[in-house]
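Two complexes follow with subunit A in common, the first pairing it with subunit B and the second with subunit C.
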Partner chain A sequence: MIAIDIVGDEDLELLLEEVASVYGYDFTDYSKASIKRRINRICLIDKHKSFTELRYKILNDQSYLSRFIEEVTVNVTEMFRDPTFYKTLKEKIIPQLGVNSFIKVWIAGCSTGEEVYSISILLHEAKLAHKAIIYATDINPTVLETAKKGIYPISQMKLYTENYQNSNGTEDFSTYYSANYDHVKFKEYLRKNVIFSTHNLVSDRSFNEFQLVICRNVLIYFDKILQDKVFNLFDGSLESLGYLALGSKETIRFSDLNLTYKQINKEKIWKKTR
Partner chain B sequence: MEKNKINPKIEILVIGGSAGSFEVLLQILPKIKFDIDFVVLVVLHRKHNSNTSIADLFGNKTSIPVYECEDKDSLVPGNIYFAPADYHLLIEKDRTVSLDYSEKENYSRPAIDITFKSASDVFKEKTLAVLLSGANRDGANGLKYISQNYGTTIVQDPNEAEISTMPNEALKIFEPNYILGFKEIIKLINSL
Partner chain C sequence: MNQKNAILIVDDDPRNIFALKMVLKARGFDCETATNFEDAHKILISNHNVKLVLMDMMMPDIDGYESISKLKSSEEFKNLPIIAVTAQAMIVIKRNV
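What follows is the complex of A and B.
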């Protein structure tokens, strides 16, 4: 059975306003349908019987806030997801980055880090890692702790190895991690050039200039107005001729960037043309 | 079987299908008449990473424009949309699409239940939903939810469905407006 929503449209609006003003986490411009679903899901999982109960818990128990943020923001990710995307990165984009004396990459919304290790592997294989730095950011400090450790369930490795091979990866994927019982730990050298840090795309500013900004399956949770704002943030964070990479069903089509960015192949990678 | 008259002002036809539904959709979609004035939205479980575009596959067989949804696309009446593989699809009040890459539901992404509920929340009694063949129980609860919200519901006749699990799961938990074979489904859609 699908339960009737515990949190309705007006409740949602009230709650998001309050969370923004009390805690500074602003979800008011998130896509309404998805955030409403996430919040109603929290009510079911944590057994809040009414909106009042949920609201009281969030506003009066600060320790619950991190759980709320973790559940509201989606943290599902995988290594080398969409192999053709990584193939294009590997064959078309990374070699281009190599001409710079210093390479700066920003992975925005890196979640538990699977993409970070994927990109780090590509940079190592291209022998560019020594002059590269990856800024890996997320709104949620808890997932960044996981990302820093680089420890993942061994059960995922079959899929990740397949993805890696399908992206034209030629090494033995298992050389990148050591296995221990039911988990693997990705090798230390893969995170040597990575800086993990919290960054909120809604409220924080640009903090550097990059040649490549990767932000995949994050913008789908934002409404069009917030998407636009974040596109401008990315634009301001990209060097001219830099690249912006999005998730496979995301697009800059509805934004101003559409005029000054050129799409690479059929992948969701755009080059800033000025 | 006909429980009550269909709402004449259908604004969305949402179809959920899994194993054994692809062939049925190849029968149904090309026969939908060209000048429909409602949105057609299909949630079909299928393999991620397939190279052929589902929009091209079906687009070649019908004169109705067929799209695979991208994030924030508007659902325009007269068009057929497919939920993209490996994303849940939700509908906003302004009838744009929000994609979602959260946990699978009923072992499925896209989950039919999620889109059925979302369609019902937006289009309410102007929703017509069809649940086709499949080997799991996704869609049953969503279809019931649509029915409770006064939408119109159709379950593919389990005797005809290649895999009857999905239609049967729905019939276990509520009584839809119609149980039909694909030919009657086409007839009903074209009578709207």
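What follows is the complex of A and C.
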């Protein structure tokens, strides 16, 4: 298959402007290269022969819009991804959260929920889950449905178990789920203190104050202007001395937050110092 | 840290939550919010700082009437003060509360 760009740079600008004005989903500040790659992928998969055809479908068929959003917003995640990150959370951050009488964690861009269950497991192991609430949000309602169910392919469990053990997890990982044919379902108590809800990082406001905000591998798809906007949203959503956790390729170093946040353990975790 | 008493606002309309929260926060109250009974219940179970609930009456699925009776019939929350919030001010409706 030859990779042909069905959608060019000018087409892209036009389409994103229209999607923003008609539907209120603003992707205009997303990184152009990655969004263009994804839109061209949609054209290939859904067999749109031209940009006009894709554009007509998106602007006239509301149900196709959700398919478009699903494809454009990236949904790749793992449980205990980057084990050293989870090790630091487990050993340095979670015990600190324990001093609060009520713990609030926001997982922004939670996708299909693998990270949510990982954090819930850490809180349970630290015996803090009874006084904690995890707010798990994503722009995409379809992935939230998967997250709420907590059902994942059994083929992933080998990797997740290894990740868990490498993050210094000491329990038998298989006690957290029950297996059924080719899938596993994570135990009910792990989502008992999770509130799943849609939230758009680009257009929605802060909705609470948290002691820990986790947003991993979402900002890499945003350009600088949008990243700064989201950093301000996170800053406004963190209590003083709260923690902000980002993905392995993301940093606050080039934003205003750099002045008031202190990095923990060389991991992508920062503490708000005021 | 964070030992202050809090108020839980339950309302399916985020605009109402926003308005109530602004007023209460300006008066120094800590606020938690939920848009349905299920989420409100999760918050009440984990956050023992909540000492008062402001409950919207008209909500889809489980409405305020049902939410209040559920809470009042549970051992854990039967003594928790709940204030009904509604724009319906007719006498017939008042009797239902």
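Please note the rule applied: the second predicted complex is superposed on the first by the 272 of 274 C-alpha atoms of A that agree within 3 Å, B and C clash if a C-alpha of one lies under 4 Å from a C-alpha of the other, contacts with A are read in each partner's own complex, and residues count from 1 in each chain.
One rule holds for everything that comes next: a contact is a pair of C-beta atoms (placed from the backbone, for glycine too) under 8 Å apart; a residue touches a chain by one contact, two chains touch by 3 or more.
These numbers were taken from a predicted model, which means no experiment stands behind them.
Visitor: Once the two structures are overlaid on subunit A, check if subunit B and subunit C clash or fit side by side.
Guide: When both complexes are placed onto subunit A, subunit B and subunit C end up side by side without any clash.
Visitor: Subunit B or subunit C: which reaches more residues on subunit A?
Guide: Looking at subunit A, the partner in contact with more of its residues is B.
Visitor: When the two structures are overlaid on chain A, which partner does A:E250 contact: first (subunit B), second (subunit C), both, or neither?
Guide: first
Visitor: Could you look at A:I133 and tell me whether it touches subunit B, subunit C, both or neither (first, second, both, neither)?
Guide: Touch status of A:I133: second partner only.
Visitor: For A:S197, using the defined touch cut-off, is the partner it touches subunit B, subunit C, both, or neither? Pick first, second, both or neither.
Guide: A:S197: touches subunit C, not subunit B.
Visitor: For the superposed three-chain arrangement, provide the angle subunit B-subunit A-subunit C between C-alpha centres, rounded in steps of 10 degrees.
Guide: After fitting both complexes on chain A, the angle is 170 degrees.
Visitor: Closest pair of CA atoms, one in subunit B and one in subunit C, after superposing: how far apart in Å?
Guide: 31
Visitor: Which part of subunit B faces subunit A closely enough to touch in the complex?
Guide: Per the stated touch rule, the residues are 49, 69-72, 84, 87, 90-93, 96, 98-103, 113-114, 117-118, 121, 141-142, 144-145, 173.
Visitor: If we count contacts the way the header does, which residues on subunit A are in touch with subunit B in the complex?
Guide: By the definition above, subunit A touches subunit B via 1-2, 5, 31-34, 37-38, 74, 76, 82-83, 166, 217, 219-221, 223-224, 227, 247-251, 253-254.
Visitor: For subunit C, which residues are in contact with subunit A within the complex?
Guide: 1-3, 6, 14, 32-35, 39, 42-43, 45-49
Visitor: Can you name the residues of subunit A that touch subunit C in the complex?
Guide: 99-103, 130-133, 192-195, 197, 207-208, 239
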